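Heads up, the next two complexes both have subunit A, just with different partners, subunit B and then subunit C.
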Partner chain A sequence: MAESTISTQPVPQVARKPGIFSGRDRAIKIFLAATVIPMVLYMAFWSLFPILWGFTLSLFEYSARRAGAGGFLGMGGANPYIGLQHYVNMLDFSEEAPKIVKQFHQSLKTTVLFAFLVVPLNMSITLPLAVMLDSIHRRLQPFFRTFFFLPIVTASVGVAIMWGFIFHPQLGLLNGILTAISGKMVAIQWLGDPHLKFLGIPVALLAVIAAYLWQDIGYNTLIFIAALQSIPQSLRDAAKVDGVNSLQMFWHVTIPLLRPTILLAAVLTMISAFQVFDIIQVMTNGGPQDQTRVLVIDIYYNAFRFQRMGWASAVSVVLFLLVLVISLIQTRLLRTEWEY
Partner chain B sequence: MSTLARTAQPKPRIAWGRVLAYTILIPAALVAMTPFVWMILSSFKTAAEIHRMPPTFFPEMPTLDNYRTIFQDKDLPLAVFYKNSAIIAVANVVQVLFTSSLFGYIFAKFEFRGKQPIFWFILATMMIPMQVTMIPGYLILTKLHLLNKLIALIIPSAIDAFGIFLFRQFALSIPRELIEAARIDGASEFRIYRSIVLHQLKPALATFGMLTFMFNWNAYLWPLIVLTEKSKRTLPIILVWYTTKNSVQEHLTLAASVLVVLPILVVFLFSQKWIVRGITLTGIK
Partner chain C sequence: MRKQRQWIIVSLLLVLGLVLAACGQPSPAPSGEAPSGQAATGGEAGGEAVTVRVWTHQNESFNAGLQALADAYMAEHPNVDIQFETFDYDTYIQTLQTALPAGTEADVLQMFGTWTCSYVEGQNLDPVPDSVITMANAQEKFFAAPLAGYTCDDTLYGLPMEFNIEYGAALVNTAIAEESGVQDITAGWENWDDFIADAAKMSKFEDGVMTRAGYNFTAGDALGFSFYSLIVQQGGSYLDSDAQQFTINTPEGKKALELMKRFVDEKLVDPLLFNDESNWVGDSFFQQTSAMGLVGPWVIAEYAGDFPDVAAVTKYVPLPYWGDAPKFVADSGWGLTVSANSKVKDAAWDFVKFVTLNDENALQWNIASGTIPAIAANTQGDPGQKLITEFPHFEPFLPLLQYGQYVGHMPDRDLLWYDITYQHILNMLQGNESIDDALSAMEREANEMW
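Then we have the complex of A and B:
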């Protein structure tokens, strides 16, 4: 996934004196035609077409197994057009709602809960961490930075296996430590007991969040360190002359100056949290009792295990809308002027 | 610059903030490394020791048996999966660097009809989560009979919207005189791109190349959908497959994880500078 600040500066016009380089304009035209036309065709086929098809599929009762039953691209015939029926079904909150609708509700709820837990937890770890890493001796910074860099570049599948082992009920390190501390055998099913809750949040969800955070905090830490290093030293010196201590410096100087970066990082963290899949699929596969089932898991199983591609497309459109709303809020917030 | 400013402070008092930072950072770094260390240490334990409760931290009798079992496992030809992963990652790096730098340069330095709408479309595709195009993408690959072929993970990703956007930002700062001078010397447009523009974009190429490699090497969901035949799989998928198959043989699955995760970590460690620069520059995830 790649998001970024989308800036739209005017593109400087290429000032060429017409006529002086005869044949040059022609060469440029050929160059542009030979590169831009293939790119446009490529993007039309591999970008625009799948996007449009994805939205269209959500209006069909579509299964790839039945494809070829007639109609355009297998849509129609045995894969009938049903309009907005999938979206109407999503709004069925009654007790008799079909299982896939209930699973969708559960997934949406879990995804939002996941993202709204991950972002504040991430920020409250990465900001102090970045400030501390920025405050130590310059020569030691790369050394310490490496410890928080390594999890970022580890395959998330590897992260999930490691943490699954830590949370293992019999062999896991966590229960081992608890056993050592309490003096009696501890065998908590961190990832498998649906009745285990903490403040109403399933413990299995908290466990996957722990693994997710462990892998993810390096990103924002690096981004915040870079932002901290761009703060003019004169501002900090001025604060020091005024007798400000470290904590006051953090709250009243650093945080306000980093506000635009913090906002952007929070939004990007939230967007990628909405799309979480790898760690959860490997650690819990959405269980226990769908307590860690997130939208992408819901999409994956519906589309590729149960052949409900129309329904899965509708769910992916909901995911798109979630991302879109957050992105729009981001552009809104960042449009305000930010100046040191 | 900032170091100078700091050492120039008049009062040589104890920096309590710094002391506090070290007292928190050192344990935090240890905690951050614990999952790695425990996994590596556990991969040298015997099956009996792994399955003993409560778990040990350091292996009592370190052994290489687990690794030997894996290397002798005919079901798990790791070299094949390393090769699959490498082909996909390298091919993607090469093609994405080529298209991103070429089109980034074109969008930065040329005017042509339809330029603005095309650029806006490219920016707009970055807002669309991959999960929306995943299902149609799979259907297209099915229709083209490309499922279970490595090129299925190469062909559809030849153009990276984010890469074009990033390289355009870099290419904007290439001096126009440089390009015009080459034109006067009679260099062809492609030649200008190849010898002047690419040269100017070198830092961006290194940074974005590392990020693209890392992203492709670690990718899980899309390869999981496209490569269902075992011999075509990449390392992350095969690791999950192996772990599920041997779910009660943790001594083996941990050793397999070490073999899959660690070698590439060493590579990333040595290119840390470029990856860190890429992350701080782009906020890419």
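Then we have the complex of A and C:
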């Protein structure tokens, strides 16, 4: 008997890859795509594209005034491609370096100094303040939270004008108090005297930092209060059973448990400090002798007042890299591998 | 499951609606602003309907004066529609800088004369047709300083509406002068020694701190205009013969800075307390913490309303000068230009002619805006008298206008004035830099601009 020729082997079938929008949760996937894609496109257009465009501009000797003189999209032609020349120029530390390079060096130094003064000062004020506010009677807490948060919702320009009056040499509150105390006319030029320094730091910069901190502390205080309230009471009770006092509780329980929040607050404060502009622009306009000229002021003047867009873009790229690197370092240093 | 689908559909529609709303057209421009896409039909200002778009910066009195002239023009030319679009000052600068190279600007552009040639380099502005006015006639009609800003390579690219003057006469509080024992200050001074002696009498101190400056000249504009005017008064020049390099580090420059340093040494002003950042000259003068100040006459209109008592005792008094005439440097001031891309150039130039070349119209605008005329004839005779009746504080300036010299074409006048000249001279006056170092640094940094 002849064997049957009918193969019993299964017919090979091409495995169909499930589509992105297939399956039981197809409708949810479509919904997610429809809601997320517009936002991604929006972010790409308004954030990613400008970043890439800014980096591209930094490779050109670009000025909007010359944009019509030839080349593609205003680049090339009268706005020639110069590669990394702007970045190379930034490394010129000689006495003969052009003024814009010297101003960039000064701005970089001032920005770093500003940020590294603001962050620890902010943390050392806001954290204890938050602990204090958290410990007061619950009924009083909203009042104090509002009290410390109010400067945040005040326009920065208004804050700067107000602090400018406080520091005014002849009409200012600060010199008025000093005059009243000393019994003779005091007219210290807090914001305009380049000789005035404290521990080697220009007093004008410290004055600007004071105004900045006054406006900014409410934000971190609120973050810390929220974090403090989320610490489980059981952990505090356990510590109390172990006999810790208030200070030990703060150092050995509260601070370690707040580490992720401290990281978040430090990173946000640092980024915000690197971006400071309005308060300085109004209070000192970068003076005296560029002692308060930070990178954003430098970028603003070069880009919009003196139309050196290529150079300003290169400075912006440096600022971007600076913020990125410091944020990564902070994240690494303050990283925790647990949660409560 | 069905219910879930319905929710998803509703949500999708909602998201779609929001996206469409975000991408939709902005709300219509408020009245007074022209729709940007409106096409202007070119041609003569006689028959076919023509829309002429005009860009100006936001200045209430400037624009009210211009609107009045536009209304009069439209009444005479019913087929022409003049539409204004205004921008705040900073936005206007940026808009011009980006729109002109891109070719998206209006037909008529209000322009500060000093900026004009930088746009001419990009071939963005239309030369003034001979049918509007020839160069020779323009030179006869207008003062040299305002006209020069609109003249690039011997070609005229716009017409001035005002003479922008910041130097030549000092703002004086006559009440303070009298109270300080300065006799008849409005008679002026023979020389700088007399001036310094009077100004020093008006300075006031308390416990060694200057509470009132005798002569506040340490603001950004004042320092620049003083320095460069003092150079030209000595017969010097801060630009080389080709106007391609700055020549600031010269004996004339040194003598100018020595005089300015003398003002500080003789306690006319404390440059630490009086500068752009604190006690700016306009604020300080009207708050009576400066007895005299160096700032243009536009400041009166700005402050008189808030400080009527001070305005009532304020006079301008001509400053002493070196040489045989009170020479000074001046910016070119505001005027009108026409875009090279305009499709209605004839109508645009006709409107510009109506506003700037008709003596009566030009004077009407100067009176409405509180500015000094650029047309020489409007500062003399009956028109001059009419102007002085409206603005008595213009009187000391009018005889000086003929000596005005344009600051010169340079890559960036603001950079030279505020970032280089002001910074170094203030440093020098504050004792942080020697005169020689300041001169050499200014020259080097200024020449980095070319």
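Please note the rule applied: the second predicted complex is superposed on the first by the 281 of 340 C-alpha atoms of A that agree within 3 Å, B and C clash if a C-alpha of one lies under 4 Å from a C-alpha of the other, contacts with A are read in each partner's own complex, and residues count from 1 in each chain.
Operating definition for what follows: a contact is a pair of C-beta atoms (placed from the backbone, for glycine too) under 8 Å apart; a residue touches a chain by one contact, two chains touch by 3 or more.
The model shown is predicted, which means the values in this text are computed figures rather than measured ones.
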item: Which of subunit B and subunit C A:65 touches, first, second, both or neither; value: second
item: Partner, of subunit C and subunit B, that touches more residues belonging to subunit A; value: B
item: First, second, both or neither for A:141, with subunit B first and subunit C second; value: neither
item: Subunit B versus subunit C as contact partner of A:272, first or second or both or neither; value: first
item: Contacts of A:85 with subunit B and subunit C, given as first, second, both or neither; value: neither
item: First (subunit B), second (subunit C), both or neither touched by A:324; value: first
item: Shared subunit A surface residues [contacts with subunit B and with subunit C]; value: 27-28, 30-31, 35, 64, 67, 74, 168, 170, 185, 187, 304
item: Residue ranges of subunit A in contact with subunit C within the complex; value: 27-28, 30-31, 34-35, 38, 64-69, 74, 98-100, 168-170, 184-187, 189, 191-195, 284-285, 287-289, 301, 304-307
item: Interface residues, subunit C side, partner subunit A - complex; value: 4-5, 8, 11-12, 15-16, 19, 90, 94, 97-98, 100-103, 118-119, 121-124, 206-211, 272-273, 275-279, 289, 412, 414-415, 419-420, 423, 427, 430, 432, 445, 448
item: In the complex with subunit B, residue positions of subunit A that touch it; value: 1-6, 9, 11-15, 21, 24, 27-28, 30-32, 35-36, 39-40, 42-43, 46-51, 53-55, 57, 64, 67, 73-74, 129, 132-133, 135-138, 142, 144-159, 161-163, 165-166, 168, 170-173, 175-176, 179-180, 185, 187, 214, 219, 222-223, 225-226, 229, 233, 237, 240, 245-246, 249, 264-265, 268, 272, 274-275, 277-278, 282, 295-296, 299-300, 303-304, 309, 312-313, 316-317, 319-320, 323-324, 327
item: Complex contacts: residues of subunit B adjacent to subunit A; value: 1-3, 5-6, 9, 15-18, 20-22, 24-25, 28-29, 32-36, 38-39, 42, 50-51, 53-55, 57, 99, 102-103, 106-112, 114-115, 118, 121-123, 125-140, 142, 155-156, 158-162, 165-166, 172, 176, 183-184, 188-190, 214, 217-218, 220-221, 225, 235-237, 239-240, 243, 250, 253-254, 257, 260-261, 264-265, 268-269, 272, 275-276, 279-280, 282-285
